[in-house]
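I've put the structures underneath this note.
In the two complexes that follow, subunit A is the common piece, with subunit B as its partner first and subunit C second.
So, the complex of A and B:
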């Protein structure tokens, strides 16, 4: 792996994490979807750099698949739901933006500390970046926990999935194509089902935020 | 092995038949195939018992992640033969009996699966196979309870049963894990010199497995599910539950605790003995006071299984006395076989009575001998066996148990004598109470005059149902009159459980002889003697007195006897209920309503007594309330907020990350 490849890999991996953190900062739902699209591109970049460096055709196909699903299909589905409710903005999140950014910093630190054994699993440069994937997972979880709108929560879930994918690409140079295919289709299915659910929630109960569902208990 | 596999294959075919056959043929197909499966497996068991070598085989690919190992030795064969008899009879019975919800596709397939699981358990050769079949047996019987889920009583019974059976299965799993972890082997067949029971871990394994198996056998205080579940299940299912499934609890104790956990401290076995004695007394007392036909039978199951537990506990405690221990174990095996036959018969007959008369309340029955003569005769055979009078199958088992204990009296130290005496006294009292309960069942339920319209109009229909009852009755009578060969075969099974065949009782066609003591049982001689005596009496009566005067028996000079003048089940049990009031704590209501004109004249006296299960009231109700209270308090944890639930997950993830690092 050449120096240029290493640099590209660094850049793309950090981009995945940075875009995840940015999702904590933006409130506009459409901006969140844009971030997700960019994250998908960065993830595909990670996979393709590794494919080029290792001359691995299957990994190249996986990169194309990631690009198609995570950068095109999923944002498109989400975008359709967002379009039906233009100008949707996240109300006040459960934790305000500066605090959540500080928390995200703490989570990244935690990920680097607890992810050290992950980095030692394999010797290459790519493995050393694996804690970034773990950090992305944690940040995605934070988005999931602190956001009120269902669509933002789906975005959080997808950031978690992107983090997991990042770890697998960095550690094992990608999983077999079949598994990646299955995983991606699962993600797509989850997104379709949840967006349908969001639509049904809006139509049936008129609820815009998940907290409004609390009254349905019992 | 081929025979065994053919049987299991037929059992699978029965399940498929029950699930796929069209509505009309479903019950017939599944019942026939199940009975055939039981027959094949039973023949395989009898062949092993009769002196054939233990059969075994292992099959990979049947269950995921594990290999199925089957192994049938003499001990397993002794239980599998009993189970096969009960399953065959109950399956044949269901052909003529099942209708309504219990003839639905699910119910018929589940019943076949339950029958198959019962047949597999004694043939399981390693821990995973055993636990899989055990759990299948527990879950299918639970599902079968829920077949009739429209009735609240069935739902409540299922809830109790689910909690108890799953707790028991968990305990057995843990105990077997401990055992096989120590043995470095998952086999259920340890070498004779195993010391797996030694030390604290051995005691833990014993407590866990014994609690699990004893709860299946209805040991107090883990019995609460049994008197609820057995009466609520469909009749063929309750016969299988009572005749076969409870026996498998004793099988587990004999196989795992007696066979595998060698070197266990004696105190644990004495504990089992005490539990068994208490169960026997408790079951017999409740059987005496029950007025519900099936509930009486369920409590009587607790009673017989309690005697079995007592004998097994004594066998474990007196393990060093070869002859006594072997006699006790053979006694338990005979008792299990006898109980399987007569209890299945009684449960099936109870089902017929309930269908014919519309009630199971003994207070409203009576006089069934008129309309249901053959059923009554068959029930009388079973009752004779249950009471433990000579020539009944139950007698042979109890005689062997008592002889084993008496044999231990003369040959052991002070500790052994006390153990044997306690067990003897408990068994003696239990036998007396059982006799009362069984006399009540036959005398109040079937003889006398009808006390209700249902009982008056009850008629029996001859067919496959009566045939299956007859099958069980023949088995009972055969075991009672020709027990010698059976005892000789079961002695080998006891040798497997105890690790050595030394000192076991033997038997020939007409004699059962004890190895240690010069005592023998000659039932055939008794039969001949009784036949001769009867003939003599008949001849004398015919020729001695010419004048025959007919009058109503026991009429005290009155000719206008009224059904209301008879004993009812409640009044028959009342004296004993009064004697044991401190234990039973009955709720007695006496409502007196007066004539309007005068307070002195009583118009109606309504006496009602209900005996609740004291253990359930004293132990389990408070436990359930406490768990319920904790659950209510803990509701704030699940507030319904999505974010809170997500935050729980997030927090746990962070904690795990930090801790695991």
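So, the complex of A and C:
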């Protein structure tokens, strides 16, 4: 790999992590979907830089698949649900925003310490970045457990998925195309099913905040 | 000898340049709102005018006479130490990032004490708010500068700038970009610009900085105003130097130093223009939302440090 490739890989991997952290900061659900779209683009960039550097056609196809699913299809599905409830905001997350941001900084530090053995798995430049993928997974978990709105929780789940994908691309230069195809379709399916569920909940109960679903009614 | 001359020129540049930057930002805002606006030199003229007036002080207001001097002197010291136009300032060997941050913090602390000294409701409220925000911005400032220091393995500002001049591609590294954004958030908060504080109001319950200095008048107010705009100039200059170090003079020749000064003015002016344009487009955040912005700045700075360590 040349210096330019390394630099692009650095920037794109850090962008995946930074956009994940930004999801903790924004409250507007539509802004979260925008962040997810940008994260998908950064992830596809990671894959395509590796494909170009390794002259790997299959990895190039994987990059195109990632772009199509994570930067176009999934945000589109989520955007349709969000459009039916404009102005939806994450009112009061379980941990307030400043604390969760500081917690995210701590989690990133933890991921780098714990992920040090991951970085030693291979001697290449890309492997050294693998702890950033682990950090993205942890930040995604934080979004998932502290947010109350189902759509924000789906975004958290997808950030975890993007983190896992980042680790895969960095450590093994991607998995075979068939497996990636299956994984991407799974993600798309999960998003479609859960957004349908959110729509059904909203239609039947009129609310979607999970805390409001504790009591029974006729 | 050149070192002392450079430091003196830098202090003068920050003092005059800070006031001009303030005027420039007001001008940009006026133009964007469709007004002609006051000339860019207006803050400079105002300070000169106020300097010739006597200062009314509240009873027990001895501290009010001390605070403006402390603010101006600490900011001037920081401006003399930091590598703004050239790296060879007087005392450059001791120009640690921690020292510069400490000097800035001393100024903020003096202002807050001055706000409390008059025992008015507004002063106390402003001081309490300023300290709350400062408790969040100072760590972010330190961590952001630390992120710039990671590649050079030194907190000394001069050697840090020398290192990044010798490695020009480092400017595009992710750690550098993140630290620049974090420092930008800090600068906006520290200088009380728009999303955090509204610099153009005097009668609003949400104001932070203006509430602290409401009781000052005459020469005292001139010094407070000068100190504040010096902070603006210093922080913008420091941000420009750390983010885009090109043009900072590493030699002692008068040509290089002059060129460094011109570059400093251009970079700080461009930054001020950017900040002013963002200001025009943004509304002031609610006070309780400001910690979210500052925490975002802090986490960006922390990310920058971690990334700087991971990515070599």
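Assume the second predicted complex is superposed on the first by the 215 of 218 C-alpha atoms of A that agree within 3 Å, B and C clash if a C-alpha of one lies under 4 Å from a C-alpha of the other, contacts with A are read in each partner's own complex, and residues count from 1 in each chain.
The working rule: contacts are C-beta pairs under 8 Å (C-beta built on N, C-alpha and C of every residue); 3 or more make two chains touch, one makes a residue touch a chain.
Predicted, not measured: the structure shown is a model, and the values here were computed from it.
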item: Overlay on subunit A: subunit C relative to subunit B, clash or fit; value: fit
item: Partner chain in contact with A:17 - subunit B first, subunit C second, else both or neither; value: second
item: Subunit B versus subunit C as contact partner of A:110, first or second or both or neither; value: first
item: Touching partner for A:25 - first (subunit B), second (subunit C), both, neither; value: second
item: Which partner reaches more residues of subunit A (counting touched residues only), subunit B or subunit C; value: C
item: Vertex subunit A angle, Cα centres of subunit C and subunit B, expressed to the nearest 10 degrees; value: 140
item: Touched partner set for A:3, first subunit B, second subunit C, both or neither; value: second
item: Partner chain in contact with A:94 - subunit B first, subunit C second, else both or neither; value: first
item: Which superposed partner A:129 touches (first subunit B, second subunit C, both, neither); value: second
item: Contacts of A:102 with subunit B and subunit C, given as first, second, both or neither; value: second
item: Subunit B versus subunit C - smallest C-alpha distance in the overlay, whole Å; value: 18
item: Subunit A positions touched by subunit B in one structure and by subunit C in the second; value: none
item: Complex interface listing, subunit A residues touching subunit C; value: 3, 7, 10-11, 13-15, 17-18, 21-22, 25, 97-99, 101-102, 104-105, 108-109, 112, 119, 128-129, 131-132, 135
item: Touching residues on subunit A, where the partner in the complex is subunit B; value: 94, 110, 113-114, 117, 138, 141-142, 144-146, 148, 153, 210-211, 213-214, 216-218
item: Sites on subunit C touched by subunit A in the complex; value: 136, 169, 172-175, 177-178, 291-292, 294-296, 298-300, 302-303, 306-307, 309-312
item: Of all residues in subunit B, those that touch subunit A in their complex; value: 639-643, 646-647, 649-650, 653-654, 657-658, 660-661
